[in-house]
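In what follows, subunit A forms one complex with subunit B and a second complex with subunit C.
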Partner chain A sequence: MVSKLKRSDRRQFLKRAATGAGAVTTASLFPHVAFSANKTLTVGMNIPMTGDYAPWGLPGLYGCEIIANNINAAGGIEIGGETYDINVASYDHGYDTEKAIQGFKKLALEDEAKMVMMLGGSTVAACLPWAMRRKVLTTTLLPSDITPDSEYLIATCESHPLYNVTGVEWMAKTFPDVKTAAIVTNNDAEYGLQSAATYKAAFEVAGIEVVDTNLHGFDVTDFAPIVSSILAKNPDCVCMATSFYVTPIMEQLFHQGYQGKIISCTLDYYQEIIAKTSEEFVNGTIYQFPDFDDPALTEEGVTFPDPAGFDAAFRKDHPNDWSAVAWEYPAILLNWIENAKAAGSVETEDVMAAMKGNQQQFVFGGGNWWGSQLWGLDNALIGRWPVVVIENGRARIQEYGDVAAWLAANKDVLVKHMQELGLRTV
Partner chain B sequence: MNRSALTHFAGIVIVLVILAVLPHFLRYHHQDFLIFLVINILVVSSYRLVTLTGEWSLIHAVMMGVGAYGSAILSKQFNVSFWLSMPLAGVVAGSVAALLCYPLFRMTQFYFLIGSFAAGEAIRLSWIHFIKPFGGTSGVSGIPSPELGNIDFLEPIPYFYLVLIIVTLCLFLLYRVEKSRVGLTLHAVHWKAPLAESVGVNTWNYRSLAFITGSVFVGIAGALKVHYIGTVTPKQFDIGFMVFILIWVIVGGYRTFYGAIIGAIVLSILDEAFREFDELRPAIYGAILVFAILFLPAGLESLPQRLREKFGRSGAKEAG
Partner chain C sequence: MELLIQSIVNGFIQSGFYALAAVGLVLIFGVMGVVNFAHGELVMVGAYTVWLLHAQYGVPFLPTILIAILLVTAIGALMEQFLFRPMRGDPLGGLICSIGVLFILQVVATVVGGDGPSKQVPPPYEGTLVLWDFLRVPYQRLFAIGVAIAALGLLWYFLTRTRLGWALRAVSQDREAASLQGINSNRISMIAICVGAAMAGLAGALMAPLTNINPHMGHNVIITAFIVTIVGGVGSLSGAVIASVLYALFHTFVTTYFNGTVATISGLLIMVLVLIIRPTGIMGHRVSE
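Showing the complex of A and B:
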């Protein structure tokens, strides 16, 4: 009986019990890592998980955890003769530059992350000087973060906002009666203006006249006057570019009886928009981010493994959290793993050499390095990009557009509009 | 030097010695945290100077931004050295504050609070609207670190020592201002304004002086911050940060020089300690605030006195 044990025996008993309990707890938390003989390979995510930008951070972490768990459950990955389990370390910077620097250093030095994924914008700019000096491979979803000096900063998935040209191209081809467009988006140089400039360029190339560009601040709570103002110009198409306010703008368009075409970069949480408006109204909206149960993702050229299985796993665990970034960070992780395998190393310089030296397989097919003509360095991977339309209340891919071909033919138009809006170009 | 002053001096020396060795015992990202914490100490101390006259403004974070943008633009676009742009950041912030004095100090109390918020938002929105030279919401990036011989100020420990020296110097000056005749007059403007005016004190001038002086020091704090981060954006100086400044001062206490400093230190450390709780963090932080306001209305600075009273009284009862 425990009560009759000697003091030293009791101490030993308690110690063993505590060790056992600790082991069981650890195993339940990390089922694939705890008993694995594999080495652990850590990748970092320095992203906003709280605050206004959380929808463009947290779903990506959930997605990467699914990918890492699948890899670990399958026995890990072999790189350079070693087998590794993937560990995703994260840090919530809440889109704060101070926290972003702290998070980056924690991930790179304390967690020993071999690659750090970030959303982009000022948080990336804050980390760049230190990250580039320490040669920490860093990824962004905003290739406009790339500078002539950012050698180890890459954009291997989202080439925001360049892919938006594919939506306009498709719309002009499919609906030739669309002759005028009005742009409404947030006036910020990281998302709204970059996107507005790209849409302006795409509209110009497609022969669509932009009759109004409404750039509003971040403090707007009532979109009724803004939407009334743009509808007064009677546009055939309303373009929301990369808006943080897609839902309220859509609501206002619905309530004010708009019946023309709608085009946008994102349409995150579109089921919520349908609930607030109607399926009939949202049907036909053109944007750029597919659901991953889309049958078109099984087409040749798409490199994301089992998109439908990923979509199902994500929605099972996080039914209300799917956003544009849910698959993007995982796609970046998978691309990095493929290049680390090819390099036989997880070190930055080796992986970068593999990335630049070998043909890259972009998530939707294709894959060329681009960027020196706009940002000073070819560190953005440009490939095919889907044009998505809401059909019967579901996002469905219509076709894959060729971003590289559009840029080759129209780069000067894009640069002109970027400069007109005061954006940085080389 | 009397005994009280000697104790005071010894306390300051001990704190400085602890601070000097502390970064060597911290993890890398906590070294960065320490840098920002020391900068924030200057922010709250300079804010306290403004509040000495009884006026609570909502523009202090923006004045920090004025200094930050000033130094960033000077060093990036005009190649002005950090050693010059950092003090000039204080001059720029002080000058903008001087311009604002006329409209703002026509108001007092609640009206001043709202007026200062409006003026601050006007400045912050101009950073967003005028992409040249402020860079819009992306702000200005690529701001160079200070250069001095072979010292690498991109690394946290050298920069921490630089910040520690400058902030200590600024705190000393702020302390001297408060303890000077001017500081006593500021107190008089707060507590007995009609009496002060009746003996010839121009309260408008003293309110303006406190506001300008506080802005000069917070402008320097802004420069210190952005030359380490390397980027400055309007979001860094939004109302959210201003609320943090207010909370640090209120929870720490504003009756003594060190109250606001204690508030900034304790709450910043708590905020960092609860980092692992992610989405629960704001709720935990809020609960601590409510608790502090309910049970420590005079701030953390009153805690030693309250403890002395409580235990002194119970000790006296036991003895009786």
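Showing the complex of A and C:
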């Protein structure tokens, strides 16, 4: 009997130990979900996490995970009387349209995502018919994806490439001797040509003559001839509209002795560019995407909560992955949460009604719906946008430009250049 | 005039990379009869090795180049031993195997390097040579073209002045006749793929500080290598080198004076024209049945 009891105790002990170990392991795998009594609210990210476009997808997922973890650690969010933990479900479409459709359906149907964030371009266009039919709130970083029929497609953070006008405005004001510019960019209609048209319009408005527009494909392995060709036109300013190849172009500009101004849409991984050229060369480069430890982000009007804390958390976990989108998808998520709270609902129509019915707070301040003039629907949120310059090897905001004011005054110039490059306008 | 001279120099430097990548492809096809679709990925592995060891772990650049060559050579040897040799006499089988290797190497590179942006390698040789106040050539590019010329010179010496090189050429001309002369064609095939892979590894290692490194970079390399190989004459090493110089100069000039897209399309058109007008290429010979 004694021995039986002992055996039984031992079994009980082993059972309990195994159960406890299992619980601890599970809890450590899902630290913010395991013991939460909150409901789970899933948002989707249908983005490229591998391939050429991964730098404009994956860092955004890392950023959203930081935001979601912070919200969940603080007890979740209250929407319509329910408290929710945020769950970020993601799908890597590798910038492939078929995979994008598959990913969108998976996120919407299996994960029951209430909102799906995407990068933009052909992958969004592929998902749109299904997404709009099912009324899935979808976000893009490229408002040129918006069509008169895309009622539930919104661009609430990046309005690529409209904000580039602020960089040109600032340059023209700060460096009045810049009279000519050469544009180099990818020749795709989604990113490159949209940017080229915007820069051309901004240069025209600023009184800067465009002496060369060099459109290159995605198969370039050597940028020496492209840069030689550009520099032969003696531009006061070289403009990298939206190039996936900023680093090799900057490298060639450095080696071929270019000493004029450089303006670019993005300057992702600029520390690598400095390593391949020099800090002195990269200093003074104008672009549009700040680091989030920038003191200017504490100014009134900026709505992103604790930018420096976010920057530190991101760089601690992902020290080499910060890119233009690292804060953009989080900003979209935060904007959606605010509107869901205001609506008291997570359903698409309610959130959209709150978005359109209430004054929106854009991430850098301001915020008006715009877009019917170009794409047929006012579904792009346009606000202030920072002009960033590399100073002493660090990205630093110089001022916030007013995109809406520029568009109000110069929309026709932009339309003219878009049409010249064969881009869609209403 | 300044732009013209700069373009000629740009073109010659680029031709070194094209030639290194193409001669390996030609050698493997000539000796083994296999179109190695994974050749661009061998170049990519060479570049990744430099990124990993030099840029990430601080191993000096020159030893890293040697390690890249050895690693890619070893991959080539494994491909020959376990894939191409069992498929001997079945060109389609070899081609399909090489496509499989292509995907495997891309996935391995993604696992090793992680997702995200293209990898960058800071140039070990900084600075720029400036001649006559206008001609500018980065020292890194000078180093690369110097090493490429030396490697191609060594290959030429090996093929034309050594018994092994003669044997290799003999097998590429007629495998059966070479076997009748007592040449071990399996051994020669192994040497051919090792030499070809070593050239690819060297090309990747030299390109690493000058280009965006990513798992898919081999795609552009293989297209260029095919153009050069076909224009030069399939199976002709000297044709591949001459075509590399001509194609690099052509591509550079069209990119400089028109644009890169026109250059790429024109290059492919030239390949098609060569196939129609002179299928043997610049230096290839018609083989009688």
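Here, the second predicted complex is superposed on the first by the 404 of 426 C-alpha atoms of A that agree within 3 Å, B and C clash if a C-alpha of one lies under 4 Å from a C-alpha of the other, contacts with A are read in each partner's own complex, and residues count from 1 in each chain.
In the analysis below, a contact is a pair of C-beta atoms (placed from the backbone, for glycine too) under 8 Å apart; a residue touches a chain by one contact, two chains touch by 3 or more.
This one's a predicted model, so the numbers in the text were calculated from it and none came from an experiment.
Participant: Figure out whether A:Asn187 sits in contact with subunit B (first) or subunit C (second), or with both, or with neither.
Facilitator: Both partners, subunit B and subunit C.
Participant: With the two structures laid over each other on chain A, which partner does A:Pro176 touch: subunit B (first), subunit C (second), both, or neither?
Facilitator: Touch status of A:Pro176: no partner.
Participant: Contacts for A:Met49 in the overlay, against subunit B (first) and subunit C (second): which applies, first, second, both or neither?
Facilitator: The answer is both, since A:Met49 touches subunit B and subunit C.
Participant: Have a look at where A:Glu110 lands relative to subunit B and subunit C in the superposition and call it first, second, both or neither.
Facilitator: first
Participant: Looking at A:Asp268 after the superposition, I want to know if it touches subunit B, subunit C, both of them or none. Which is it: first, second, both, neither?
Facilitator: It touches subunit C, and subunit B stays clear.
Participant: For A:Gly80, using the defined touch cut-off, is the partner it touches subunit B, subunit C, both, or neither? Pick first, second, both or neither.
Facilitator: The answer is neither, since A:Gly80 touches no partner chain.
Participant: For A:Tyr245, decide between first (touching subunit B), second (touching subunit C), both and neither.
Facilitator: second
Participant: Based on the superposed arrangement, let me know which partner A:Gly217 touches: subunit B (first), subunit C (second), both, or neither?
Facilitator: It touches subunit B and subunit C both.
Participant: Thinking of the overlay built on chain A, is A:Pro148 touched by subunit B (first), by subunit C (second), by both, or by neither?
Facilitator: Neither partner.
Participant: Following superposition on chain A, which residues of subunit A contact subunit B and also contact subunit C?
Facilitator: 49-50, 187, 217
Participant: Which residues of subunit C touch subunit A in their complex?
Facilitator: 2-3, 6-7, 10-11, 13-14, 17, 110, 115-118, 120, 122-123, 128, 130, 136-138, 141, 207, 209-212, 214, 216-217, 219-221, 223-224, 251-253, 255-257, 259-261, 264
Participant: In their shared complex, at which residues does subunit A touch subunit C?
Facilitator: Interface residues on subunit A, with respect to subunit C: 49-52, 54-55, 58-59, 187, 214-217, 219-222, 224-226, 228-229, 232, 245, 247-248, 251, 255-257, 268-269, 272, 275-276, 320-321, 323.
Participant: Under the stated contact criterion, what part of subunit B meets subunit A in this complex?
Facilitator: 27-30, 32-33, 36, 125, 128-129, 131-132, 135-139, 141-142, 145, 154, 156, 225, 229-231, 233, 235-236, 275, 278-279, 281-282
Participant: Using the touch definition up top, name the residues of subunit A that touch subunit B in the complex.
Facilitator: Per the stated touch rule, the residues are 49-50, 92, 95-98, 101-103, 105-106, 109-110, 121-122, 125-126, 128-130, 133, 147, 187-190, 193, 217-218, 421-423.
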